[in-house]
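Pasting the structures here.
Same chain, two partners: subunit A is paired with subunit B first, then with subunit C.
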Partner chain A sequence: MTELSQAAISGLLLGSIYALVAVGLTLIFGVMDIVNFAHGDFLMAAMYITFFLWLYGRLDPLVSIPLAAAGIAILGVVVYAVLIRRVLKGPVLSQIIVTFGLLVFMRGMAQVLFTANTRGIPDPLVGPVRLVFGGVVAGGAQLTAAVGAILCTALVYLLLTRTELGSAINAVAEDADAARLMGIDPNRIHMLTWAVAGASVGVAGALLMNFFPVTPEIGAGFGLVAFVVVSMGGFGSLQGAFLAGLAMGVIQDVVGLFQPAYGFAAIFALYLLIVMVRPQGFFGTR
Partner chain B sequence: MTKRMWLPILAAFTLTMACGGGSGDAGTSQPSGSNLGEIKIGVLEPLSGPNASQGKDVLNGVELARDVLNGKYPEVNIPKLTVGKITLVSSDTQSNPQIAASEVDRLVRTEKVVAIVGTYQSATTLTASERAERLGIPTVCGSSSSTALTERGLKWFFRVGPSDKTFAETYFDWLKSIQAQHPVKRAVILHTNDQFGNDGAKIITEVAGKNGTTIVDDISFQGNATDFTSQVQKVRSANPDAVFTLAFTNDAILFVKTAAQLGYTPPAILAFGAGWIDPKFITALGPMANYSITRASWASQFGDKNPTAKAVAALYEKNYNQPMTENSAREFTAMITTGEAIQQAGSTDPEKIRTALRNYKQTKTIMPWKGIKFDANGQNEQSAGVIEQMVNGRYELLWPAEAATTKLTWPAPPLTGR
Partner chain C sequence: MAVVGLLLLVYPFLVKDAFWQNVAVLALVSASAAAAWNLLGGFTGQVSFGHSIFYGTGAYTTGFLLVRFGLSPWVGMAAGCLLAVVLGVVIGFPVFRLRSHYFSIATIAMQQVIFIIVVNTPALGSATGIELPIRDASLANLQFSTRDLLPYHMIALALLAVSSLAIWLFMQGKAGTYVRAIRDDEEVARAMGVPVRRYKLYALALSAAITSLAGSYYGMYSLFIDPNVVLSLNLSIAIVLIGVLGGAGSLWGPLVGAWVLQIIQEETRVRLSGAGNAFDLVIYGLLVMLIAVVEPAGLVGIGRRIGRRLPARLRMGSR
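== the complex of A and B ==
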């Protein structure tokens, strides 16, 4: 029983990180119908920012959270301004190719600049922290990551539902032309959406760096998970992504308890099942 | 574009991601030497993708061997080639068995290489060597250890390094010598779900059975995992005396970190090299990397007894700014063997190179082996393994006992609070 509770708790902690990684992806898709294939590589960039701040500035990943968030928000804005804005009106194929090209470019650049070496932070502040309840352990790094992920997802949710900016984002997502007639500049809103999406994945990268080693390829695994989370939760749905993220973490760890080789495969099997029964995902409308 | 339209694209993308990305790189060209002129050798290693850091390490070993063979370092006591000059054409497996095989095609048909050295990972060596066999080109392998590689009856495949069977036997020879103080009755195997991991697990189980050790659980995981909780839980609940592991760098790091977070310290981690000997494993984990035990086929401490090994290791460290690892040492040896076989063949005809490899005998290597001599399956029957334990971020020798440079620490102290 302890084993099962442990797997479930660890799965929830892992799942909240999956959810946070997916938030930015679903946000961008919801607002402008673009799938950012390079999303996992934004995470990679955030992890490298956090790692180098630690290596050269001795900044703990917790301290680096706002810096990584700001860095990736800026990256998001630049990517939007330089690439995305130009292809929004272009053919569908260029929209697909451009972010895929960005993925290949970012991975290649990371390997050239940072080499393929695996880098990790051996002594983060939260490393030695452990919470134990009746034999079930929550590691400090994972716990911090989960709390940070939940807070950050909640902030993005509040931003979208409780603020004027959120209303503007929703308006542009609904109908960009109508929003323009109401005096909202869709271009500015799109740019802000990329900034918010970048910031959220930046936070995720900094939190992950507490216990995860980074390589130029790290985006492949997490990016893939993020796509499945977004499809499972419903394209563009924040609540959907959050629930799907948690579900995937728990399934991975609980199935893994019985069949360690198939924990990761199980989440993809579940995804296929859900796509068959409910193609629009948990909360998808379209 | 509607959201529905994205679904097939997303599916296609998912498939592409699973196949990996990246590109190869070109070789270097050098002026030709004497009668054979330029001798082109293909080097196939994982230069991008998850195992790129180890791939670079082994490629460095091959390049250093090329320079030694071409006479760039006369201070190293290995005779230079007089029949020609070696040119390497290096290429990237991307850790992908299909790409490894198709790169062999390209190297042989387009680049006209006369032999292939590589490919570090057993999974890619398996497919690459089969393709080379069909094309009639010898493959000389340094550091892929899966036993099955030399049990396929291939005629063109040669492995200088020990197989995991040799390594497993070395482990149990050593365990037998310490069984009074540290009996290993129950062990778990934790391994990556690929050729290296699955075959290694099979061999360990076999050898363990003969030595009275029960494998109480065989736990596998997908390479580059996002989480290790369930694997650590499985290991802990099996309550083993020791854990055999076969894992590459990222997974090795994540396993140790997750074990620390869950408050579990395996009494002894008995690793089969790979990630456990990557210098980055040590820097990413700090003191948590200490007390890991690994099998190895080379150790820098041998340098004190073998001046050639010492000179080569010093050159390696000077040129590449990191210590030589057993992986780069094995791949260095594979390249030297290939070069010397070509020298003996006096020809770049692949058939003649193969015959020279078949008859190859060498007692002077940089490895702690009796020498190199291939059996009918292409396995070097004189290779051997050693056992090491990490002390203060550096592997020290435990076995063979007469060469030991450290005393065994068993069980390992708790991971947290080191």
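== the complex of A and C ==
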């Protein structure tokens, strides 16, 4: 029983990171119908930023959070300006393959620049903290990451629902041409959406670096889970992504408890089952 | 067309360098797989990121039947082909309910599940894969001397020719009109009475069969079936890259894409060892982004564009 609750708690902690990674993906899709296949690799870039700030600047991952967020936000804006803007009106095939090319490029670049070595931060500030509750242990790093992820997700949610920028983003998502008539520049909103999405995945990367080592391939696994989380929650739905993210973390760890090799496979199998029944996901509208 | 065919036919007689012979064989095999992907992704508009499932099916079936039961690789090829078609229909039936991005993501998920199952199955060699025995060099054994790759080249060329012919025939008939209509606008196609799901399944079945043949042949050529190669996400990526690079929805695209990709891969591997191993990825990534943004019709499209700019007299001469 303790083992099961331990797995469930670890899963929830991991799942909140999954949720935060998925936030940016679902946001971009909701606003402009583009799937960023390189999203996992944005996470990878954030982790490398955090790692090198620690290696050369002795900055703790917690201190690096705003820097990683800013770095990936800028990356998002550049990707939008250079690539996405040009394919938005183009054929669907271009829209699908452009970020796919970016994924291949980023993974290759990371290997060329940083080699395939696994790099981790052995002594993060929150490392020694441990929370024990009725025999269930939550590591400080995981706990910090989860709290940070939930806070950041909530922040994006508030941004979208309570601010003028949020209303403008929603207006563009609803109908870009109508928004233009209301005096909103869709191009600027798209760019800001990429910035917000980049910043959120940047935060996720810095948090994750507390307990998860980085390799050039790290984006493959996390990216895949993010697609699954977003498809399950319904593309464009923030609440859906959040709940699906938590659920995926729990499923992975609980199944992994009984069948260690199949924890990751369970996520995909469950996803396939669910989208067959409800192709638009739990909270999706289309 | 005849010129390209002739060039590929005489290539192994003229080129005796082992490096370039190997490049040619691999390019022909991957061109077949990419042509198969192109039928589904380029012509039918269903972008699959899971085609290594079918490549792996071919390679594993052939290898398993050979090692376990001593069956001829030709039997293995046929069995793999059949299994790939069945698998394609079983996967495609539910997955084709999903559209564009959803479809692409579902194919990745499928590929992951199958990969994890295979690397955890001891009968299929788990994570190490299956090593094939070296047997007498003969057509029946589908093994030849590796000193001159001429026979390997010829069979790979035959494979590509048969695959291309099958795809061309498919696209000539009613099926071709239907799948193009599905690609252009699924709703409109449905409204006009095209049985959308059935024709997507036909395209997938043929695509799976050809991809499986390429996988079987690759397995026999390399004599080692490594799940991290024949069943990997990276292979799925490579297949899409070749299709897109050459030109999605063009019959020539896969052949052009496969040569360019193979040359980049082998050249970077030779010139830049170690960390340079991933340099080919950097180049592919740049090329694909460039093609998506500048010319979605790929290298074949760029070639056509240049052709149109040439003065009319020159163009006539080149025909």
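Note that in this section the second predicted complex is superposed on the first by the 286 of 286 C-alpha atoms of A that agree within 3 Å, B and C clash if a C-alpha of one lies under 4 Å from a C-alpha of the other, contacts with A are read in each partner's own complex, and residues count from 1 in each chain.
Criterion: a residue touches a chain if its C-beta (ideal position, glycine included) is under 8 Å from a C-beta of that chain, and two chains touch if they have at least 3 such contacts.
Just so it is clear, the structure is predicted and the values come from calculations on it, not from any experiment.
Bringing the complexes onto one copy of subunit A puts subunit B in a clash with subunit C. Once the two complexes are laid over each other on the shared chain, residue contacts for A:Arg119 go to subunit B alone; subunit C is not touched. With both structures placed on the common chain, the touch criterion links A:Asp253 to subunit B but leaves subunit C unconnected.
Residue contacts after overlaying the shared chain place A:Val225 against subunit B, while subunit C stays out of touching range. Legend: residue contacts after superposition of the two complexes on their common chain; A:Ala73 is shown touching neither subunit B nor subunit C. Judged by the touch definition given at the top, the superposed model places A:Ala244 against neither subunit B nor subunit C.
Once chain A of one complex is fitted onto chain A of the other, the partner contacts of A:Arg107 extend to both subunit B and subunit C.
Of the two partner chains, neither subunit B nor subunit C is touched by A:Leu12. By the touch criterion defined above, A:Phe211 reaches subunit B but does not reach subunit C. In the superposition on chain A, A:Gly139 makes contact with subunit B only, not with subunit C. Shared contact residues of subunit A, touching subunit B in one structure and subunit C in the other: 29, 35, 92, 95-96, 100, 103-104, 107-108, 111, 115-116, 216, 220, 224, 227, 231, 235, 261, 264-265, 275, 279. The part of subunit A that touches subunit B in the complex is made up of residues 3, 6-7, 10-11, 14, 29, 33, 35, 37, 92, 95-96, 100, 103-104, 107-108, 111, 115-123, 127-128, 130, 132, 137, 139-142, 211-213, 215-217, 220-225, 227, 231, 235-236, 249, 252-257, 260-261, 263-265, 275, 279, 284, 286. Partner subunit A is touched in their complex by these residues of subunit C: 41-42, 45, 47, 49, 94-95, 97-102, 104-106, 108-110, 112-113, 116-117, 120, 233, 237, 240-241, 244, 248, 275-293, 296. Interface residues of subunit A, counted against subunit C in their complex, comprise 29, 35, 83, 86-87, 90-98, 100-112, 115-116, 216, 220, 224, 227-228, 231, 235, 261-262, 264-265, 268-269, 271-272, 275-276, 279.
By the touch rule above, subunit B contacts subunit A in their complex via residues 1-7, 9-10, 13-14, 17-18, 20-23, 47-50, 52-53, 55-56, 193, 219-222, 224-227, 229-231, 233-234, 237, 249-250, 253-254, 257-258, 260-263, 278, 280-281, 283-288, 416-417.
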